[in-house]
Amino acid sequence: MELLIWLIPLLPFIGFLLNVFVIRREREAGLVASGLVAAAFVVTLIAVAMLAGMPPEERRIVSTAWEWINTGSFRVPFAIMFDPLTAVMALLITGVGALIHVYSIGYMHGDPRVVRYFAYLNLFVTMMLFLVMANNLLLLFLGWEGVGLCSFLLIGFWFERKSASAAAVKAFVVNRIGDAAFILAMLAVFAYFGTLNFYGDGEGGQLGFLERVSDIAGLRIGPDWQPIFVSTAISFLLLIGATGKSAQFPLFVWLPDAMAGPTPVSALIHAATMVTGGVYLMARAEPLFVASFTTQGWVAWIGALTALLAGTAAMAQWDIKRVLAYSTVSQLGFMVAACGMGAYVAAIFHLLTHGIFKALLFLAAGSVIHGTHDTQDMRRMGGLKDAMPTTFRTYVIGALALAGIVPFAGFWSKDEILAHAISHGHTPIFVLLFLTSLLTAFYMGRQVALVFFGTQRDPSYHPHESPQVMTVPLVVLAVGATIGGAINVPALHWLTDWLEPVLHEKAGEFNLWLALIATAGAGGMGYLGWWVYTSNAAKIKIGGKDPAYRYSGDIWKGMEEAWYFDRLYQRTVVVGFERLADFLARVFDPQGVDGLVMGVGRFFGGLANGVRALQTGYVRTYALVFTVGVLIVLGVMLWFAR
Amino acid sequence: MNQLGFPLLSLVLWLPAAGALALLFVPRANVELSRRISLVTMVAVFLISLLLPLRFETNPMQIAVVGAPPVMQFVEELPWLPIVGATYSLGVDGISLWLVMLTTFLGPIVVLSTWDSVHKDVRNFQILLLILQTAMLGVFLAQDLLLFYLFWEFTLIPMTFLIGIWGSQNRIYAARKFFLYTFAGSVLMLLALIALHILHRDAIAAVEPGFRGTFSFGQFVSDLRSGRFTLDTLTERLLFGAFFLAFAVKVPLWPFHTWLPDAHVEAPTAGSVVLAGVLLKLGGYGMIRYNLTLFPAASQWAAPALAVLAVIGIIYGAAVAFAQSDMKKLVAYSSVSHMGFVVLGIFALNTEGISGAVLQMVNHGLSTSALFLMVGVLYERRHTRELAEYGGLWKVMPVFAAFSLLVALSSAGLPGLNGFVGEFTIIAGAFRSPLLGWVYVAIAVGGVVLAAAYLLKLFRAVFMGDVSQPANANLPDLNQRELTTFTLLSIPIVVIGIYPALFFAGMQHSVAALVAELMAQVAGG
Amino acid sequence: MVPTSYYVLLSAILFTIGVLGVLLRRNVIVVFMSVELMLNAANLALVAFARERLAVEAQVLVFFVITVAAAEVAVGLALLVSIFRTKRTADVDEVSTLKG
Amino acid sequence: MDSLMIPPVDLTLMAPLLVVITWATVLLLVDVFFIPDGRKKLTGYLAIGGLVVAGLVGLPLWGVTGTTFDGMLRLDPFALTLTWVFLLVGILSITMSLEYLPSQGIEQGEFYPLIMFAVSGMILLAQGTDLIVLFLGIETLSITLYVLTGFAYPRLTSEEAAMKYLVLGAFAAGFFVYGIALVFGAAGSTRLAEIGAYAASRGLGDLNLTLLLGGAAMVLIAFAFKVALAPFHMWTPDVYEGSPTPVAAFMSVGTKGGALAALVRLLFEGLPTLSEYWLPVLAGLTALTMVVGNLGAIAQTNVKRMLAYSSIGHAGYVMLGVMVAGEQRGPEAFIFYLLVYALSNLGAFAVLIALEHQGENAWRLDDFAGLYQRQPMLAVAMAIFMFSLAGVPPTAGFMAKFYALTAAWEGGLPWLALVGVLTSAVAAFFYLRVIIRMFMTEPAGEPAPALNRGLTVDIVVAAIGTIAIGLIPAPVFALVERSLVALGGS
Amino acid sequence: MDLILFFITAVIAITGAVAMLVSRNAVHSALFLLLNFTAISVMYLLLSAPFLFAIQLTVYAGAIMVLFLFVVMLLGAEKVEDAPDRIAWQQPLALLLGLALLVVSVVVGLGGATTPPPVGEALAQFSDPRSLGALLFTEYLLPFEVTGFILLIAVIGVVVLNQRGRKI
């Protein structure tokens, strides 16, 4: 069993190594990469089955490979574990991952660097698996940064494009800000618990910190006038880390730009898996978060605000992928908000369903892009439903799931979150989230209308359906998006039970009224979106403004720019830092610090010139100086002899 | 004598010098032969030095009790200057072990890098490299303060020539600045050595008449710890300061860093590699070996202030690096930032901090050397170091780009690669240190963010985007030699990243003993 | 008898005048004369002290000093003559090309 | 009247001195009568022979301690070691002059005997234990050097230098004599031992402190002038620059060495009990000297003049040892430093000579440009000397500086050691400048300098010595140490 | 009596010295210095050192001063100080220093204790040139020899410094 779980991350890693060092041909690369990830999926399934065979309380396998860091009291093993939470994450990663790998074979066909692409993809899966399988924060961080790296590589895959390289660097650096907080959180954890392990190895050894959260109950740090709870400090730092990775306010700005990468990448990394890392982290560190009421409030508010903010931004985008990107941010906001409200199972549930249907949407969008010869601007699309029927159908399924229409997967998970918000009294959060869900339906309706209905607005290309290697994954995912909700439908709540050993949560009650209202609202808004944009199709011009712009004006503009946050950062933080760096480098360092050093040199030079000036060449001056010396020597000696 | 029965350390120490001597007899025109002799020597030194970690006792029999001198291994001792009690004594412990290995490891790499970059007076270049190698090894190996100082100062001479003769346009200015700055920085250390010697002699002579004094590091330490020799607070602080200044200039700690960018920018690639790879480590090593060990109380006293400088250096170096358009300058300032981490770790004064600092020195040696080699590869092809001159090379030189990315990420502290382990251990140490605490760390972590910013800026400017300059369109990718170089460097970069315990294990005992002593100082006074 | 201190006082005055001569006069020959005056002043003091102690050695010393002074003057004047041949001056300020 | 009773004279105790002085006198005659113009090199060889013989004659005297001429001369290992150093300096100076003189058109046979006379003056200074002997020794040395300084006839600067040297030297001699008078007035004797005994009698009430101190101060000033301690150093740069280069080389070590040897005797045999008065003064002068010498050198672009200033600075470093010669390490540091300085500095001057051509000098820094490409070995040797003078390991200069600083610290002058290291950091600047010119700039198109045998010998000996002593100083230290066991007492 | 003679001589000596210092003609200076030397030789007589009196007159006043005068005449260097002083700033400074030096030397010189003036046999011995001569050849034999060499060196020096001009 221990060996088996090691296989899960290792299989894709082997794929990575093969693709880097051995494989040179496109065909082999795709097959090997997809095959190994699929194999990992199978292994994961086996592992899950074995896990299910164990008694619920013992469903955790921990395996240590070697001591990673051991210096002083600071010991971190290179250890992974497998428990129910990890299991569902791993299933999502390997499952959706395998499909996306297969899809990529078609999508990336003909790209000169496709081998490298699959290598990156494999590496990503490896790192993502490490992220979810790590048994300590440091190894989690390894995966965390590792997926960040792969994200960087894949966003920048078409590095020739300026936007791609800029987006890649931006993604990495913005993530780094969150990571810095993550590092601090790790240090704090280590300082207060003496270990970074989540759980003990189950053999009577040291317990992990998640099992010992009570140790820090009531502990406070900080200045006397403003002490904060240690649990708050740690969880808040983790929260900042999560906002980076999961693209939450205020660090969400990198994700829309990240769409510069190949679309399957957007599907895998920037929708289904990597960006959910933050949510996973919160779920994993649930005892810490729960221990801090303050942080939980922050988490909920950040999630809800992000959800609304990104939802509004998604409404006003023209780029097919940017809509989905903001939608992803928005949905992640849902999950985060759920975590903040204590609905961890709901968060994970939504994570899973969202992983499936958002991957579907992205892949379908990719199929659209593929079929329209790299067109991404929805103003140049329209009427594609006939040219690409499979894509259209799967896309609609994905859209319905995202919008939260019964019985698609998104409905169940979203509803669970909303129900939790109501039932636990988080009314403001509920309002925000509900509003967002309405917006979601609206912009998905808008998108479907813009892309698939009406007439093709840009006749310069001939749309065609994608090859089977791409459509088959779409169909598979569409099935998943349709029935995926089943894993935690209110009556069965399999997922809740499954996660119970980790998240200790009982199934919530199904709120029929809410479900009805939400579905009705979503259906209505979705239709509204579809209707507005099909009926106004004629007003949409390539490069033109949105019909809604007429009514909302600058507000629409603000939505299109995601309320100018990106630009705000650019103009304050980035420019400020650049100016400061420039000042330090061009003025302060050469003239200040080095100037001081050179000043010392000049000082001695000046003294030297003084000595030189005294050396007049006149022997009488020399005698004069001599006499001065005589007087000094005599004077001092006589002074002493007084 | 030692666990091997033959003077391994002397062999390692003097073999490069012997190679230099042999090169003297090679005709100046026979360029290829000089290079080969030099390479063979360096490789031989490295292979021989491999015996050190192999035969190193990670947990020596002698248990480190508080008050005992540091346990040295492979010890050699010969009388050298009996009149002042200075001896030719060599030894390694867990702290110097890896630095010695770093030095011998970088030796062949440096020589390999000269193949394409140095065409002027090749033989003498190699001679200087070999001599420099001996000098640097001497600093790490010497267990006698006078011997140490001798090697310490001597490193200046070959390096100055390397910069001054083979450097680029502004080389004279840089060479002069390098020499004078570092020389001036270390003169006070000479005085401190003398003071220590005399104070110690006077103290011991009071007990043992006829004692003529010593420069033996081990004896100083054991007498200090056994209380036979004590320093009053002011003296200790002054001596500490004198030593520290020398090391701080070398490291270089902000604000003593301004010689570094000049030296790096002007030095030939091999020179930069040695400078960044090993020479800067002399400072960090000196702080651990001498400042902390000899003056524990003063170290405690000064640690917070020095850590402030270190933290300033981390941020400042990173910010200034970010603003550079010259690749070498960028990497040079990144050294300021990275070495700031090292100093921060050292003055955390705990096991994590110090062992992290040692490992980080090794890491920095590997990563930054590789970065300079990377700049060198580009410079040989295009003869410019301006970022604006490049772009899109990922397409043109994919292998090179891959290695560069690896190196940049290692330098930026990506987990799984070497840089992260060092940095993280250091800040873990600093966080836990009662002298420093989270404020220091919170700022230092900013350096991690900025490191990603400037290194990716570098990477992006060179490798990403389209090939804008026609001159870049047909640049050849790495040749066999360069490939070997980068491959060799990548191995430890990855190995340290995923299995640092191997390296920590060696230094554990020494660092623990040192820290125990520091702690005893706190308890005692 | 005249007290020794009177002689010493006189000698000090003469010595100072000699020093002033070196400091003030530009004529090399006069400078040499001033040096001679200094030596003489010293001799005077020496003899005065010798008389006080009745130490004959001091007289011997004076003898040596006079001899050495003569030798020095000889060399100095020879040098002056040599310089004068090219420079045509005995002004000590004129020989000031070496400086800085 | 009574027959004169000449006190017993033990000539063996002054054998080296005797050999040098006799040989010089005879050589003078031989030169005039037997050696034709144009072959004056032969005189040089003979002079070298004489110095070598003098050195050999001294060998059996190793370890002998004794006085002669009624206690006016003293032979002890201290004096003997210094004698050897002086002989070495003489030999090296003559070696580098052999070709220099004809190339400058100033070859005259008298040059070599004069150098020998100067050496004899230095030996006299090392051996003398009576103020009057010291005075005469200084005058012997000085008058010889006045002549030698003015030796480069067609060059006006040579005569100018001689004139300046003479005027100031005579001025200083005036103070010396006045000092002797005052000391005699106080102590009633010129013997160092008796002065010491008198000075030690303080407390008995008959000590005439003011008189003694005043006299001692004036004598010290005269020595300080010879050693070129600031502010009595003003003559040094001009005189070094003006005089023929071998003479400058000789002076830079010789004069200093002789005067310092005498100073050690004076301070530690005559005035040890008064150290509380003279030590601060001398320490102040030393500090000033190190500062002024090294600062002055910074501004120079003329290497010869730079070396002159540097010699002032080095006088300060030697003084570190001299002042604490009462301690074990003082005289050791002094002699060791002197020896090392002699090697390095003479070597540097030899390189300077190698660059000079017929009738012209090549002392500008620019003349050193690219020397490495023209004459690699010469450049390397010069670099060694420069590093040694700057005190950078592993050259002998470092060891010497290290030892001098140690001695100073031990002697209770840590602040002076501090000044020493700080000024040596300043000094690195101008030594490095020469090195940079030689190695890192392009040659200015000058033809390769001509190296002759004598110079080569000089440079090679000096370079090897500098490196060897730097790496393995123990034997030399041991020698110096053993030679000094006897000093301090008596 | 002695005291009066001393004062007269002292005044003459100082006058001679000062006059030497201030007179602008080198010949005058030499003559004034001669006056001073003569006065000092009288002092030697007063100090019961007749031998030195003779030496002073013959060597100094006779030989050296003649040498001075001779060179002055030979070179025609009586008046070299007509040109303006290039370092005139130094004059007041020099005078100041001279004053200070005088004060200091007086302080030093008068620091000496005064023992009662000696008389009798011992004084006679002191003033006897024979005892001086005896000392010269016994105790002071070495300095005496060295003085000889110094003179030799001086002679060689003079020759060396002046013969080559003719040669070249």
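As written, the chain order gives the labels A, B, C, D and E, with residue 1 at the start of each chain.
Just so we're on the same page, a contact is a pair of C-beta atoms (placed from the backbone, for glycine too) under 8 Å apart; a residue touches a chain by one contact, two chains touch by 3 or more.
Keep in mind that what you see is a predicted model, and the values were worked out from it rather than measured.
Return the chains shared as contacts by subunit C and subunit E, ordered by label.
Chains in contact with subunit C as well as subunit E: A, D.
Taking each chain's centre as the mean of its C-alpha atoms, which one lies nearest the mean of all protein C-alpha atoms here?
B
Report the chain whose CA-based centre is farthest from the CA-based centre of subunit E.
A
If you average the CA atoms of subunit B and of subunit E, how many Å lie between those two points?
That pair's centroid distance is 70 Å.
Using the average of all C-alpha atoms in each chain as its centre, how far is it in Å between subunit A and subunit B?
37
Averaging only over C-alpha atoms, locate the centres of subunit A and subunit D and give their separation in whole Å.
Measuring from centre to centre gives 78 Å for this pair.
Go ahead and note the Å separation of the Cα centroids belonging to subunit C and subunit D.
26
Quick check: what residues of subunit B touch more than one other chain, meaning two or more?
Counting only residues that touch two or more other chains, subunit B contributes 180.
Which residues of subunit C are in contact with two or more other chains?
Where subunit C meets two or more other chains at a single residue, that happens at 4, 8, 11, 15, 18-19, 22-24, 26, 28, 32, 43, 45, 48-50, 52-53, 55, 57, 60, 64, 68, 71-72, 75, 79-80, 82, 92-93, 95-100.
Return the residues of subunit D touching two or more other chains; collapse runs of consecutive numbers into ranges.
In subunit D, 132, 136, 139, 143, 146-147, 150, 153, 163-164, 167, 171, 175, 178, 182, 185, 209-210, 213-214, 237-238, 299-300, 429 touch at least two other chains.
State which pairs of chains touch, listing all of them.
A-B, A-C, A-D, A-E, B-D, C-D, C-E, D-E
Enumerate the contact residues on subunit A facing subunit B in the complex.
Contact set of subunit A toward subunit B: 66-74, 78, 116, 138, 141-142, 144-146, 149, 152, 156, 159-162, 164-166, 168-169, 172-173, 176-177, 179-180, 183-184, 186-188, 190-191, 577-578, 580-582, 584-586, 589-590, 593-594, 596-597, 601.
Note which residues of subunit D are touching subunit A in the complex, please.
Touching subunit A from subunit D are residues 163-164, 167-168, 171-172, 175, 209-210, 213-214, 216-218, 220-221, 224-225, 230-232, 234-235, 237-238, 276-278, 280-281, 284-285, 292, 295-300, 426, 429.
Show which residues of subunit E lie in contact with subunit D when the two form their complex.
Touch residues, subunit E against subunit D: 104-105, 107-109, 111-113, 130, 134, 137-143, 146-147, 149-150, 152-154, 156-157, 159-161, 164-165, 168.
Enumerate the contact residues on subunit C facing subunit E in the complex.
1-21, 23-30, 32-34, 36-37, 40, 43-45, 47-57, 59-60, 62-64, 66-75, 77-82, 84-85, 89-91, 93
Write out the stretch or stretches of subunit E touching subunit A in their complex.
So the residues of subunit E touching subunit A come out as 86-87, 90, 93-94, 97-98, 100-101, 104, 107-108.
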